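Shared between the two complexes below is chain A, which has chain B as its partner in the first and chain C in the second.
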Partner chain A sequence: MDQLIQENKLSKEEIFETLNQFITEVIGEEFVEEMDITPASSFTKDLEMDSIEIVAFSEKVKNHFGPNIDFTGWLSNMDLDEIIRLKLEDIINYIRECQ
Partner chain B sequence: MPVIDLPNIRLHVQELNPGGRETIIMVHGMFSNLAVYYFNIAPMLAKHFRVVLFDMKGHGMSGKVKTGYDLTSMTNDLHDLMDALGIEKAHLAGYSYGGLVALKMAARFPERVGKLAIIEGPDPSEQETLAIIDTYSKEFLIHYIENFADTTRLLAGKRQLEKNHRMYEFLFNETSIRSDMEAEKAFFNDPSVAAIPHETLLIYGEDSNCVPSGRTLASRIPNAKLVLAPGDHNVPVQQPEVIGKELEKFLKPGHRRLLEKHPGARRPRPTEID
Partner chain C sequence: MARFLFVVPPFFGHISPTLSVGASLLANGHEVAWTGLVPLADRHIPDGGRYILPEAELAPHQDEIARILKRQDDGPSLSGPEVMKLALEETYIPFARIMVPGVMRVTEDFQPDVIVNDCITFAGALAAHLKGIPCVTTTPVPPDVMGDTANSAPKIFEWQQNLIQGLQRGLGIYTDEFVIHSHQMNIVFTSKEFAGFPYPDPHMKFVGPVKGRPNDTPFDWKKLEKATGPKVFVSLGTLLVDIRKEFFLKLIEAFGNGPITIVAATDPSVIDEWPENFIVQGFVPQADIIPKMDAVICHGGFNTVNDTFMNGLPMLITPIAYDHFHTAALIENAGCGIKVRYKRLRVADVQNAMQELLENPKYRLAAQHIRDTFTRAGGNAKAVSLLEDFALSHTVTENA
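Coming up: the complex of A and B.
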């Protein structure tokens, strides 16, 4: 019974569901329906999010997961190529590390 | 989404390090939005300052309006924004047309501005200015087509293309943006520009068509220093680290003292060129 031993860490699946919801709010339900969002989806290539949409997404992440998660600071250490390659699972892992 | 209702417009605002002692407000350029600073340059400055970013009206996630894209209206908005946020005085940095907004702000409300940083501010009297902006927007769209619109991804790629296309269509065809910008042609010759008293940093891309504009400003603003960075008009996107470091060096307290101690450093000059 792993869950009993673990503290209140959110599971990867729970974080994914939350992020999926944020993406839907940012880019609109009608577009999300056409996509298959998975943890392997990349922000720019697969989800085609532009920078201002990533700003809106980051803000939702910060507001939801709290001040321990310096999402903008984390992103600011990446160069453009890394941000372009960034996948949903990278963010899930980052949030898990911060918890 | 943090929005602030001002008398004339609703603006999308993002703040980093809200507890910072001094504030820097950063103004983006035409057809862009605050994201140009958000991921790299703003976090670097947020180590020392409260950083305020906002989307200009008609841009990003701010309200859409049909008129008021001239420098006087834009600086009225900025003045209202400072009041709304309780900021008495702030350093200003502006990129491209946002650089002209920052200059106008320093000219109109000198007491509200600390230091002034202008990145790639174009001389509006140059016929090429609008052409540069047009080219920039085309390149922007082509970038999207090349990178994101391969055949398997046509649908979502189409979303970004359409979103950008809608923005240009709106700004070019439904607002006064073009005539408002054209009406600013004589701005660099305005005596108020030559009278800007602030310590001013001018950053231009060494391969940019706007370098002559930087030289013009350097010759007119008494306390200005011109720095060339590797890149062209898109230098904040091409070299965010370089731009961030230049701004950090320029704005950090003590910079001025250092300048004055150093015998070879540039001193405020009398106006030597008319």
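Coming up: the complex of A and C.
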């Protein structure tokens, strides 16, 4: 069973690499170079994404990982503190849960 | 003749339109007073008006007031959700709690016929509710900055509701209705077209910008007259001190010693040596300068936004924090400008955007359309007649 699940699910590292690529596309390579993006990076504080960038990012996530990843719906159920604290690894975990 | 009491926050952008409208009410023979949280220099108060600071009621809260005002400096470095918390939870709600007792006492002394509260200064509407005095709200910014949170972000909506409910209950107001704003009349100092409200509620009165108070600050007009190429005005408003140097260094990189003349409203000392084509001055007669310009660069402060579109000029908007992003979205929707986010500001993007704004007539045409909606909305005269009619109709109702 474990073996099967592992074959179907992307690893955290694979998802992180993909998300990293999307972030670069959304906010621009030269700005990403100045950041040290890790799974612990927060969306609002470290990546300083504004709402338009988050929408662009979530579109890319949806297109890549499939329509059952309702990233915007997931975000809209958070309170302000949850959004402020939101880290890249939270999104990685969410994508893994949805797979 | 009626008595009007304006209740204002310690932010000049919100006070400024009330000074224009108040001056006209005074000229029409009404009595006008202002009350607030911090002192306001006499030179700002129109002749015949007065500013009443309820010092005794505010005295116990001076440390908290100073702390909250200082906290505003953090705004530019905070994220969107953090700014929402800063604004409502850490600023507007505590300010309202602190101000209500003083506004109540000023109301007893001045006996206004109408209380006019600024949209972020809830104490005015709350005192009006408690005293049974008719209330009008003034809104200097395009409203609905937070969007439709009831549907798009239910937990954020709940947070807003709880904070406002808590504020009202703390004052012994147990209605479920929110009384932090007037439900009878809300005068908004922009046009419904620009604000994206094609069919506003009947109590929302979009009157367009009102003329600022006279400003006869000296300026190097001779140097400006000598400029031959396009002229661009740059302002970061009165706040945002920390990022000035970085911002203007980028503008110098983009436009230094080029064909465009830049008029920069900033303290010249932030940069050691300005290029020849920059005219730099701390305080400027902005309303007289902008008509001579071809475009404007600003972060989205609404006084500069209003001055720009009142003159039908295109804008390069570089939103930084607060409601700047909302304003930037409105400008892009209206087609009268281009947004380059401050945090992602590339010199090449600024140069390209400015070239596009100066050479492609569609931006100027869209800006002129916004100017027409502003003018049609009626401005200062309309705001004054709305307030006069409101005072009259509410007096009649009371006597009947």
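As a working rule, the second predicted complex is superposed on the first by the 94 of 99 C-alpha atoms of A that agree within 3 Å, B and C clash if a C-alpha of one lies under 4 Å from a C-alpha of the other, contacts with A are read in each partner's own complex, and residues count from 1 in each chain.
As a working rule, a residue touches a chain if its C-beta (ideal position, glycine included) is under 8 Å from a C-beta of that chain, and two chains touch if they have at least 3 such contacts.
Source: prediction; values computed, not measured.
In the superposition on chain A, contact is made by A:V55 with chain B only, not with chain C. Applying the stated contact rule after C-alpha superposition, one finds that A:I83 touches each of chain B and chain C. Of the two partner chains, chain B is the only one touched by A:G73; chain C is not.
Once the two complexes are laid over each other on the shared chain, residue contacts for A:M35 go to chain B alone; chain C is not touched.
In the superposition on chain A, contact of A:T44 is made with both chain B and chain C. Shared interface residues of chain A, touching chain B in one complex and chain C in the other, are 27, 31, 44-45, 48, 50-52, 76, 80, 83. Those residues of chain C that touch chain A in the shared complex are 79-82, 84-85, 152-156, 158-159, 319, 325, 329, 341, 343-344, 346.
Note for the complex: chain B touches chain A at residues 1-2, 14, 16, 33-36, 38-40, 43-44, 55, 60-61, 147-148, 153, 155-157, 159-160, 163, 237. Contact residues of chain A toward chain C in the complex are 27-28, 30-31, 44-45, 48, 50-52, 76-80, 82-84. Remark: chain A residues 27, 31, 34-35, 44-48, 50-52, 54-56, 59, 72-73, 75-76, 80, 83 touch chain B in the complex.
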